[in-house]
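In what comes next, subunit A is part of two complexes: it sits with subunit B in the first one and with subunit C in the second one.
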Partner chain A sequence: MKIQEYTVSKYNFEECMKCTVCTVYCPVLQVNPAYPGPKQAGPDGERLRLKDPYFFNYALKYCMNCKRCEVACPSGVHVADLIQAARIKYSRDVPKLRDRILASTDLMGSLARPFAPVVNGVTGLGITRSVLDATLQIDHRRVFPKYSGRSFEAWLRRRAKEQAAYREQVAYFHGCYVNYNYPALGKDLVKVLNALGVGVQLLDKEQCCGIAYITNGMSDQAAKHARHNLEALRKAVDGKGLKVLTTSSTCTLTLRDEYPNLLGIDNSDVREAVLLATRYIYERLEQGATLHFRPDFRLKVAYHTPCHLERLGWGVFSERLLRMIPGVEFTLLDSACCGIAGTYGFKKENYEASQAIGEALFSQIRDIKPDVVACDCETCKWQIEMSTGFTVRHPISILADALEA
Partner chain B sequence: MNTPDTFDVIILGGGITGAGTQRDCAMRGLRTLLIERSDIATGATGRNHGLLHSGARYAVNDAESAAECIKENMILRQIASHCIEETDGLFITLPEDDLGYQKTFVESCRRAGIDAQVIDPDLARRLEPSVNPDLIGAVRVPDGSVDPFRLCAANMLDAKLHGGQVRLHTEVTGFIREGDAITGVHTVNRQTGEKRDFHAPVVVNACGIWGHRMAGLAGVNVGMFPAKGALLIFAHRVNNLVINRCRKPSNADILVPGDTVCIIGTTSTRIPFEECDSVAVTPEEVDLLITEGAKLAPSLSSTRILRAYAGVRPLVSADDDPSGRNISRGIVCLDHEQRDGLKGFVTITGGKLMTYRLMAEIATDTVCRKLGVDKPCTTAVTPLPGSEEKSYEAVAKRIWESPSMAQKAAAARLGTSAERIRSGNRLDDALVCECEEVSVGEIENAVERLDVSTLTDLRRRTRVGMGTCQGEFCACRAAGLLARAHGCTAQARADLQDFIQERWKGNFPIGWGDTLREAEYTQWVYKHVLGL
Partner chain C sequence: MRFDTVIIGGGLAGLTAGICLQQEGRSCAIVSTGQNALHFFSGSFESVEAPTPRMSDLFTQAGIAVHYSPGVRLMPLGTFRPAALSLSDVTLAETPKFARKVLIVNFLGYQDFFTTFLADGLEREGMSCRIATLDLPETGQIMSSPSEMRSVQIARVMDRAWEKAVQEVRILLKDEDTVILPQVFGLNDSSVPERVRQAIPARVIFVGTLPPSVPGIRTQQLLKRRFEVLGGTYLSGDEVLQAHLHDGAVHSIVTRNLGSHYLEADHFILASGGFFSKGLKSNPFQVSEPVFGLDVRQAGDRSAWYDPDFKADQPYLQFGVETDEALHPLLGGRPVRNLYAIGSVLGGTRPELGTGAGLALRSAFAAADGILESPVIPNEA
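== the complex of A and B ==
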């Protein structure tokens, strides 16, 4: 007899064996009983939703989209994609003003940047935070990231000529955080790449990757950004034959996987060219490139792998890179979510859950007492710094510090 | 048990015909007893497509059946809304089919009173994205889907609410006679071994294909034609409209979306009577169903299959047609007093799931005439318990305000009867079946109200174990609840084994890919984790 050679289903939901491993690994379910858990919200719920959209459960909004269920799944089910896709398709919730503000990272960045000292001062005030809590339900205990007075783009543009002089070139998708809040990371990347003999270019007007729009129920807006960014990526990848490096793990996952999987926008022609900078640098070093490190460099580093980097399977590159720096005393922190999940932890209704999820990680950091926590994700950085008091730095910045001047 | 053993009418057979007849008799004030050898809906009732026929399929060849179907279709929408999905259906013409048939088809439908609308193939593709995109013609008809287990249970429940009694897992071993009249039955309970006699001036044989044997036991002959039909259940719904082929009825040309799955079928093969109790699906049938099914909806060729099963149509033989396709699906009601001189015995057979209510009405009219009772039939205008309100959305909102997924699913399964589900605490709200969202409260409701003695009985009433994992997780939990309700752990353990074995029976013919992986995994869990 003829058997079916293979079976397929959207997001592989039918390949679920109901083993429930995803449920064990879901950080939200451990702290929030109102969330049905990835198996229920994902493959189980999908069969009912296919019968009638009425079976869509609004508790799906508690999913942080951390993708730990997908990492855990032995059957290759795209559990988190399934949940986010269901939210996009069925949720009739209109995003609140608060959600719109939190999601518009680049708009808020460009508005705040010119007035950075004032904005930083104001958002740091207890009274502002109480007002934001009362009016917008942004939790008053949350510490806001500071804005930078000058954007990274402006900084690099002024050095375009100098960068163009390098024989090898890469493009850099810096993301909102590096551009508006923390240009120092971008500068560190340029320093490291230059040391490898590689010049850095900007993309042709990148926009926010759009992940915050997706998770806040504004997928149309996200799709606009995706199409814009893909054009910019194509100009660099197809037009100039460049690799496009990133420093944010979430931006990377969004550009590579969320665009096709959640927004249905094909990126197959440029996807493989988008790489996390640590992976690119590690591979260059493996191929024989050399960096010269300071002989006196000493640092006790505890590395936290962000959830989205776990999903990409690339945490190993950041880890290896840190381990190869002479003078680094390295500890790999247990795989755990810090609880912030982008804009999730900023929302008043999620604050308690967010902190409870991160507690295991925080207490491990407090026990180890590192000089610095290393991490590739900006929102993990805010969360860990706020919750533990330890400084968090990007592996690229640590690498830059360790280089001989 | 101190219950009466004398009734006005005894109905044999717990399929939809028996349940419907009991309800009608009970509503006309008769004291009724229904006896079923196994559980409800174990024969043809539970082993078909679950298609709420518009009658269009029969329109060209069997105008009478078509007219009955559309009339009953409209009635069931009113009285059995919680058992029905008003999906509508398509009759599609593929390039290899004769488009000329469409005209004959539509004219026949209209003559039978079926609203058949020819629609543009483009519109068909938009209405039903899973449909074969190569279609060259489409007709929209008022098909739907019906859950036969639910329908059967609701009829029986209503009969009980009207004073009827139900004895499941009870086999008739012989008839009690007085001269040329049947006045009762000898029975044995297959679970307890208890032997009992029951008396009534009329006994109705509503045993489907087994009616042949029952008639033989009573000493009369009803010539029947056992025609096996095989079907496949896919693990999720690929379509939301019923998809039929617009051609002469043939193999595997109907795809029905029902609850969380969709079902392709059927085949038609004559089988000997001895095989009626153990019909198995053959590899050739599976091949045929997949190949033909993929012509209706191409995605079926790569969609996970959950189970294969087969039923036996209780056709009444009329001629020598070897396939059984040309036999009328019409209703046959035999008053054996007139036909064979045997008083007190009526056989109701033929017909279809769709026309069960009409069959019950005809049978009950015959019973009433024999008993001298003059009461009109009201089953066409009285909603079944659960169907008093049409929208499950409204029902769920009224009961729970902001219902959980399991509560929404329960309202969709039980209609207004969902009110009786205990909820609001952690135990009652805990899920037993995760695939189909069945809570502890819903299981307990079934155990208390719907005559459940085994896990398989429970499955038919709640969908426990009907989902993707095929009982892997829920069976143990449900066995625990049954053990508590019946106060016997040993019995529950044996029951659990039977249940898993029964699930495997349906997996076996399509045991490859993910279904095989799931079955392997189930085996590991049961053998190595639970030590069973």
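== the complex of A and C ==
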């Protein structure tokens, strides 16, 4: 008798036993009937697409790539990867100008940063938003992130000498958001790491991780960024023996998992060295390092685990660090998507769905009335702040605030 | 990362053990590889014994309404099965002939609920049945995508629009004394099934649908929330790749997501489930337990695994981990002293009788007791 002993296929596609658990946890399926759902869009559809690409369904673009289907799957099927890989392989959609603009986070950042006050003023105007809505289909109700006048890279470069004086060193992949919009988070990380006796270096010219290119149908562009970033990572990891820390959960997932799984680019030599700063700091403390906290620090914190952090499985480090701070009253929010999913919620056609998805999370936050919401993702921050009015802080920033001066 | 107890498996068994231990101040982590069998839960624990007070407390404190009344429950295909301890969604009747005239109601376009099978079964027991469908504007949106019209999708609508469904049922109702509805009520708001019952002037029975199970998902979410409120750590979507044993005891485990960051504990509980959950794996030659490589009760030759008569007792269903009396599983014939095996991973059980949930509960309490009786080992760090 001829027996196939193992059933290992790309993305574990053959392991799907049609149990429907993924459909329970798909945020899009709850609000958008045009989306076929993760089971249909993923393993069921893959069966058909393998027979004939004709069966590729353009409604797969409604997938937010949140990966909640993969976290829920009892059979280890990489459902979201199947869906994103199918879009890369079969979609003939040419990205719109709007999608190109939204995806080019570092290009837009370098263009906007020198004129930050003007850009911030203009994007804040109702008229601008109406024009963007009419011309580019970027929803007029969406609040834009502000740009910072000076980049984080420029700030850290001026302190390179001072940082180099620390005996221990790490490199920091800051990502577009810290560099162009919110250098304060990067500064907070430097403060916390310095308190642990660790100095911070920049990578040799990092680029945007490329996730927005992947989800907006520009995987060639994403692959260019991936190859560039891997060279930069190798210089730090192989060349200098450094760990590379991150503060954005999505950048981390992209560097570690999306590069090999979706773009087919091998990162196995540096993957283990790319760590969320929360994990690195937690491990340092576990090994006996100490941080000194202000005795008068009091903060009611509600922690939201972003989808990609849920997929990484590292939310536990943020949670434990926050619980460790004396004076923090901690609540873990129910695991739920906020609805923004990077550039997804900016698009006019997704705005209503985006807000409906996040509603369960927003109402839990309103009930708890925390002093701040803590969260490791920049786009969750925009979404939660815009939709609830509560301030969102990164766990690293809360840690930095709680440190004794 | 160090805990008092690390539990492998986040279903009914793992969560029950975790809640018991966390309540007594023992810090627990649960490693869960995807969602679990509660998503296919009938709502009935099938245990004929009355619940112990701590079992009742577990449910009450988690906000899960249960009732105990030995009898029978109506199955999705119109047959009956003995049942006792159940979620309050499940109606327990003294005898299969529990009504005179029955109105069976389904939602228009919903294909996971078998009204004609139900009617056939009930008519065999001497009840007369009428089948009706509800066409609500509220479910119109999900109907536009028929392949995605599942229990949970309808339940999300019913959480906010159950009163509309009730109004329609009241209009449909003639002289029937009983109304049968699919189990699509009370996904996030557990008060809905009882309110539906109160609002319809007949006996209301909720009958199971094809998966996913709405009352099962609600139970999972309430237990998980209870565990987390007590301070437990629930690691979703992770997988245990390897265990480190030293001197006949488990020292730490390695997971896919945490990699070089091991999870250490004084005690470990294996609640990884049966074949479906991959707590047991099979290839053409043997059945194995993948995390620790524990001794598995099994028939040697594959031809003895199953009976060609589909309806006969299937031997493979009794395959599973061997343990000593204290539920310490055997490795090479010797018990692993700080490890417990609970729930469907256990061998010698009869899951085909639907006793899985009762077994999960009772073995979880037993393992938690074993751990609570042992002294707390001070943290080395």
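By definition in this document, the second predicted complex is superposed on the first by the 400 of 405 C-alpha atoms of A that agree within 3 Å, B and C clash if a C-alpha of one lies under 4 Å from a C-alpha of the other, contacts with A are read in each partner's own complex, and residues count from 1 in each chain.
In this section, contacts are C-beta pairs under 8 Å (C-beta built on N, C-alpha and C of every residue); 3 or more make two chains touch, one makes a residue touch a chain.
Everything numeric in this text was worked out from a predicted model, so none of it was measured.
Touch check for A:Gln40: first (subunit B), second (subunit C), both, or neither?
It touches subunit B and subunit C both.
Is A:Leu253 contacted by the first partner subunit B, the second partner subunit C, both or neither?
Neither: A:Leu253 stays clear of subunit B and subunit C.
Figure out whether A:Glu283 sits in contact with subunit B (first) or subunit C (second), or with both, or with neither.
second
For A:Ile101, is the partner it touches subunit B (first), subunit C (second), both, or none of the two (neither)?
Neither partner.
In the superposed arrangement, which partner chain does A:Val372 touch: subunit B (first), subunit C (second), both, or neither?
neither
Examine A:Gln30 and indicate which partner it touches, taking first as subunit B and second as subunit C; both and neither are also allowed.
second
With the two structures laid over each other on chain A, which partner does A:Cys19 touch: subunit B (first), subunit C (second), both, or neither?
A:Cys19 sits against subunit B and subunit C alike.
Between subunit B and subunit C, whom does A:Ala223 touch in the aligned arrangement: first, second, both, or neither?
Once the two structures are laid over each other on A, A:Ala223 reaches no partner at all.
Between subunit B and subunit C, pick out the one touching the greater number of residues of subunit A.
Touching more residues of subunit A than the other partner does is C.
Shared contact residues on subunit A, subunit B side and subunit C side combined as an intersection?
After superposing on chain A, subunit A residues 3, 6, 17, 19-20, 36, 40, 75 contact both subunit B and subunit C.
Considering only the defined contacts, which subunit B positions touch subunit A in the complex?
235-237, 257, 259-261, 283-284, 286-287, 290-291, 301-305, 392-393, 404-405, 408-409, 412, 431, 434-435, 437, 467-469, 472-473, 512-514, 517-518, 521
List the residues on subunit C that touch subunit A in their complex, please.
1, 33-36, 39-40, 141-142, 144-145, 147-148, 150, 152-153, 156, 188, 211-212, 217, 225, 228, 233, 235-239, 255-261, 276-278, 283-284, 381
Over in the complex, which subunit A residues touch subunit C? Could you list them?
3, 5-6, 17, 19-21, 23-25, 29-30, 33-34, 36-37, 40, 70-76, 272, 279, 283, 286, 310-314, 316, 319-320, 332, 334-335, 360
Considering only the defined contacts, which subunit A positions touch subunit B in the complex?
1-4, 6-9, 13-20, 36, 39-40, 43-48, 50-52, 54-55, 57, 75
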